[in-house]
Amino acid sequence: MSARVKEILSWYSSENAGTLTNLARILTHGRLGGTGRLVILPVDQGFEHGPARSFAPNPPAYDPRYHFELALTAGTSAYAAPLGFLEAAAAEYAGQVPLILKLNNHDSLSPDGEDPVTAQTGSVTDALRLGCVAIGYTIYPGSAHFQSMYEKLRELTREAKAHGLAVVVWSYPRGSGVTKEGETAIDVVAYAAQLAAQLGANIIKVKPPTDHIQQDAARKVFEGEGIAISTLAERVGHVVDSAFGARRVVIFSGGAKGADEKIFEECRGIRDGGGFGSIIGRNSFQRGRDDALTFLGKVMEIYAEGAGEARSAA
Amino acid sequence: MSARVKEILSWYSSENAGTLTNLARILTHGRLGGTGRLVILPVDQGFEHGPARSFAPNPPAYDPRYHFELALTAGTSAYAAPLGFLEAAAAEYAGQVPLILKLNNHDSLSPDGEDPVTAQTGSVTDALRLGCVAIGYTIYPGSAHFQSMYEKLRELTREAKAHGLAVVVWSYPRGSGVTKEGETAIDVVAYAAQLAAQLGANIIKVKPPTDHIQQDAARKVFEGEGIAISTLAERVGHVVDSAFGARRVVIFSGGAKGADEKIFEECRGIRDGGGFGSIIGRNSFQRGRDDALTFLGKVMEIYAEGAGEARSAA
Amino acid sequence: MSARVKEILSWYSSENAGTLTNLARILTHGRLGGTGRLVILPVDQGFEHGPARSFAPNPPAYDPRYHFELALTAGTSAYAAPLGFLEAAAAEYAGQVPLILKLNNHDSLSPDGEDPVTAQTGSVTDALRLGCVAIGYTIYPGSAHFQSMYEKLRELTREAKAHGLAVVVWSYPRGSGVTKEGETAIDVVAYAAQLAAQLGANIIKVKPPTDHIQQDAARKVFEGEGIAISTLAERVGHVVDSAFGARRVVIFSGGAKGADEKIFEECRGIRDGGGFGSIIGRNSFQRGRDDALTFLGKVMEIYAEGAGEARSAA
Amino acid sequence: MSARVKEILSWYSSENAGTLTNLARILTHGRLGGTGRLVILPVDQGFEHGPARSFAPNPPAYDPRYHFELALTAGTSAYAAPLGFLEAAAAEYAGQVPLILKLNNHDSLSPDGEDPVTAQTGSVTDALRLGCVAIGYTIYPGSAHFQSMYEKLRELTREAKAHGLAVVVWSYPRGSGVTKEGETAIDVVAYAAQLAAQLGANIIKVKPPTDHIQQDAARKVFEGEGIAISTLAERVGHVVDSAFGARRVVIFSGGAKGADEKIFEECRGIRDGGGFGSIIGRNSFQRGRDDALTFLGKVMEIYAEGAGEARSAA
Amino acid sequence: MSARVKEILSWYSSENAGTLTNLARILTHGRLGGTGRLVILPVDQGFEHGPARSFAPNPPAYDPRYHFELALTAGTSAYAAPLGFLEAAAAEYAGQVPLILKLNNHDSLSPDGEDPVTAQTGSVTDALRLGCVAIGYTIYPGSAHFQSMYEKLRELTREAKAHGLAVVVWSYPRGSGVTKEGETAIDVVAYAAQLAAQLGANIIKVKPPTDHIQQDAARKVFEGEGIAISTLAERVGHVVDSAFGARRVVIFSGGAKGADEKIFEECRGIRDGGGFGSIIGRNSFQRGRDDALTFLGKVMEIYAEGAGEARSAA
């Protein structure tokens, strides 16, 4: 096991050997195995956005097996999906790629007003029987329903870790507490990373932050302390610092389908700022397989550069 | 056991042998046994719409035994009903027709505003003691109460499968999240099928989709990707693809009583699009018995044609 | 045991021998024993309406023993009451009259707005330790709280039957889903009987229906199919048909205190329509004992006529 | 469903619809389906006698799939085996042959002195998840450990039936309470059948009885009452009468490998005495597959003769 | 994943994806990863024989970390030990070597007469929190205490598999039911392998068999059927056949410290007979580390030869 992976595991000294083992499985698998960087393939859009919006651009992706195969061939660090998608092929691909079961989901048919609510669609026991290395859970800081989401996450985290699983948290500010622009504001994203870390997340997923600042109280500090946020790398650095002084694994979402070069540039910024990697769904599976492999190969190549170096907290 | 049934069972590789056995029982019973197609008789209208609206057009249907006898004589693949209707004759007809216990129901006396709520009226243990092969459960994506319905379904699914039962999900978009026209819109019906599959359904029941598109975000994709939706067969094809790339059994409701030829035409469309069959209640039991047998015989004849051929996902 | 009682028991073929035994105890006890008809004495008005409204017209009725004695001497088929009233004398009258423990109640002090809610005031274990033959439970279809009432009834029914008790359901439409006039509308009462049957009731109590029709969708069917509802006997016939084709025991409430001849006339209508009997509280215990015995004797005499003939479903 | 199967099911009127359904599945499956007779393939010898003694005579039988295939092709009514043997292929053969999970076993390495003890090697939940129709359990009346065996059987029977499974009991007198010769004595075998029936067995397996009488008290009655036991048919008749007046399904073990004609003769005796069939392990799987199919075909042909006729209790 | 590993996983079609994943982890780890062969390092002698007898020959082995390091460096397929030994370093070596928690143990201070008894010293939850891939359990067929051992194993197996762990069974005949010589007799060892398979073991560990035959009933079959047992390869072949026709992974213990060449010769015999590998404790850790690495390297080299070929059942 590489020195960098051992270093990362050392940040989680309260976790039991089972959770450490499953974290290590993610950090040692695939093309970035051992570098301390990771790229995860997430496919929950079928549930979240509906099938046509998710899979019509690349119809073989309707088949759950497609994504296991893509994650395996591309050599991503892990594959994350809701219950049905994992159940459909977990036995067939048993032991071939680390799996993350997303335990809650939100669909876009059901109305929940401006404050998002999620439904729990899987359990820790499901994760264990499917051979997963981790559970995934989404919280929406800024939603009026924050209490039930945080409390459910805590309970699931406790149960998952007691059974040796790792915990990956999608921390996406949304709801009546934040403006649309505020959802990716640097202060808000950094805060979201901090909240996930405080709730016990092992791996934290946030959105790449803009240089917008949402909260007045925060703006005063950003300005007063001269926190640099003009480049993406600087902003990522602040987010990573905000997750326990760069001692939690923070990865960034790839967002909607966009120009490849723009994404690569973003990945370089994440990397240079000390980010640990990306979680890239739509940009991966909404194009042809060969194209996707080339694309993911390039992303992982970017992350492989300079790997093994830790960010020194500001 | 036919090659087609074995192929269908192979899609459910995460299920235990008990659930596979009960799926096989449905797929090998009755006139369509072995074809990979199925026609199910559901009689929950007494609960959902009231007795006169359900049974007055054909008074012998007030008697619970009538429906067991109809399902048996017609040779439908299974018979689905709420607790009371099954309890009333399950022992008398023990072992003669695969039974599906509908675990939740909704009546039309009780007010639930625009967002439907259901009551759980039976349990997994009831299904086992009545000798059922599956539980049935209705979800209403688009209802503000989606969270509790999805979570209850997940819990019942886990319990049912642990005891070797199969799970049939009625996925009917309804509530403040969808318009009346949207309930059968092609994007919404496909989404409903996807949601049921992600929640672990073995057999999925949806309504035949129209060519209406409800969600703007979906319309862009349907148009941009050129998803064909002008014929029913094309629309059914899209729905079936949306259920894990045609690797989940999707059947379609027969709807309100209508002209027979119109229904037969609809069945041909479902069949040609790769649908697995129909679930036909009112059109079956709201006419005289002889007429019903002729009608169901014709429906099954339509589905028997070209059976054994799988849809290849677009 | 009479052929008619055996026939009635044959309708409940999913019940265990314990539940069948307790049903038989009701059907073979008292003056109507063996006829297939039954008259039950219910005294829950102390809880539901308050003591003065209930017992001041006949003060000896304040004493719980009064009602055991009345049921025993009159020869009613059973005596139904809430926990306290049964506990007060069950030991003293042990084995002398079949008892039904009403498990939920509703008082008229507590506010529940237009949608009634009940409180569970006894348990299946209480019914067993008091030597009861059945539990009683009231549902209010049409109440916004239908879900919790139906689900609680299902759970109590499961538990009661597992312990060999029978289940008597008071199905009284009430709440924001029905108008005041609609509560006794023929379509609504028939629907209420169907719902109770679907939920597993062995004996169903409804109100005598009027010829009002509440639901437009139902009116179309009543008119289209020519369902006769002009006489009480015709309406009772439709209600009994609606309870599984006259294969569930349906009895009718006696309502508020009224002129005796009017009640006898109503009983004749119930009897002629195929109803199984009456449940008569206030009209029994709110008059002097001798008067009550004469009155109940006359009611039972009416039901004894033509007993043993089954209704043949329309 | 044949009249004879319906008649047999009518003997089990206390069972729930689930258990009746699973009994019906055995009675309607395979070549003898519908005749009221049955032949079961049991393969527990690997556990009971060891692998070489069991499978070396026909080495393909080492493979668990061999026995599923044999039961399926021969058309036996069911296949019974311990946990490991069923788990190894139940998913592969899901829904193709009724399975009976033997819940307890006894090996011949472990010392238990003259009084046999068994170990529970599977559970009711295992039977459900493997899609079985019944549990199987062996009791050894005559063993000093009778109490724990009977009590465990009762508990497993309760649990199995509550979940809709049927119960098959192997009732083999053995231990310090019976002599070796007494194990198959007519009085002892008849007693064993009675004990299994009293403990709630749905299907009872005993050994073909000899004309030896073990118990002096019994001998007096056999002689005094002139119970005919000189032919096998007469003895089988007495055993079947002893199982609730020929109202429980009693089948007979095939015993060690022997001359085919001798076995056929025995089957004719069982049939003529009113026995319901045979359970034939070693004589089936310890010969080549083609030979086994011919052999089992002949056995089932014998049982098919005169099928549908009930024994009229002496 | 190699075709051979996929083939082996296909034998376990009743297992969930979690158990398959953990089996795959063992079969793909270390120097023999992917070959379908495996060598496991077990260190339970500290508990079983005491510390001096176990570790004094190579004092660094007193330290629990020594064995993790040895397994890791040598590239064994897994490391198996009791609770304390795993707890002492599982966090430090998290994710570096597949771990098997031995759940029961037997010490040589406590008296248990001629019939061995074990104590459960760990739990399935322990295995999960320590990041193990499997539980290990020892049964002693031939012990008078067989019943409690078999039943405890079944319960732990159910729990382990429900949580996605694999199950490794040490099946060591011992006790008053077998002679000392009989413990390794070919019939007894083959029987022990069969018993473990019937109880649901995924991986079975037995001792290399001698050509002694313990049971008279078995000798007749070995001689009658001409089962070859003169070479170790022949005997191993019979043992592997006895584990479900070579469809269960069977490995052999390395026994007490002996001349290396003798052990290599034994490994060649195991390999040539279709055995899946060895589990070698004392011969590994009771010598210096460099010597041990050379020794284990040689053993794995032997098993790597001809790997990927399956035994075809006799």
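Which chain is which? They are A, B, C, D and E, in the order written, and residues in each are numbered from 1.
In the analysis below, contacts are C-beta pairs under 8 Å (C-beta built on N, C-alpha and C of every residue); 3 or more make two chains touch, one makes a residue touch a chain.
Because the structure is predicted, anything quoted here is derived from the model rather than measured.
Shared contact partners of subunit C and subunit E comprise B, D. Within the contact network of the assembly, the step distance from subunit D to subunit E comes to 1. Interface of subunit B with subunit D: the two copies contact each other largely through the same residue positions, with over half of all numbers used appearing on both sides. Remark: subunit C and subunit D have CA centroids separated by 49 Å (rounded to whole angstrom).
Our note on geometry: subunit A versus subunit E, Cα centroid distance of 40 Å, whole angstroms. Per-chain CA centroids place subunit B at a distance of 36 Å from subunit C.
Along subunit C, residues 14 each make contact with two or more other chains.
Chain contacts in this assembly follow no simple pattern; the graph is neither a line, a ring, a star nor complete. The touching residues of subunit B, counted against subunit E in their complex, run 14, 16-17. Every residue of subunit E that touches subunit D in the complex is listed here, in rising order: 11, 13-14, 115, 141-144, 146-147, 150-151, 154, 158, 173, 175-178, 187-188, 190-195, 197-201, 215, 217-218, 221-222, 225, 227, 238, 241-242, 244-247, 313-314.
Residues 46-47, 49-53, 55-57, 59-60, 62-64, 66, 82-85, 87-92, 105, 107-112, 117-123, 125-126, 130 of subunit A are the ones touching subunit B in the complex. Within the complex formed with subunit D, the residues of subunit B that make contact are 1, 9, 16-25, 27-28, 90-91, 94-96, 125, 128-132, 162-164.
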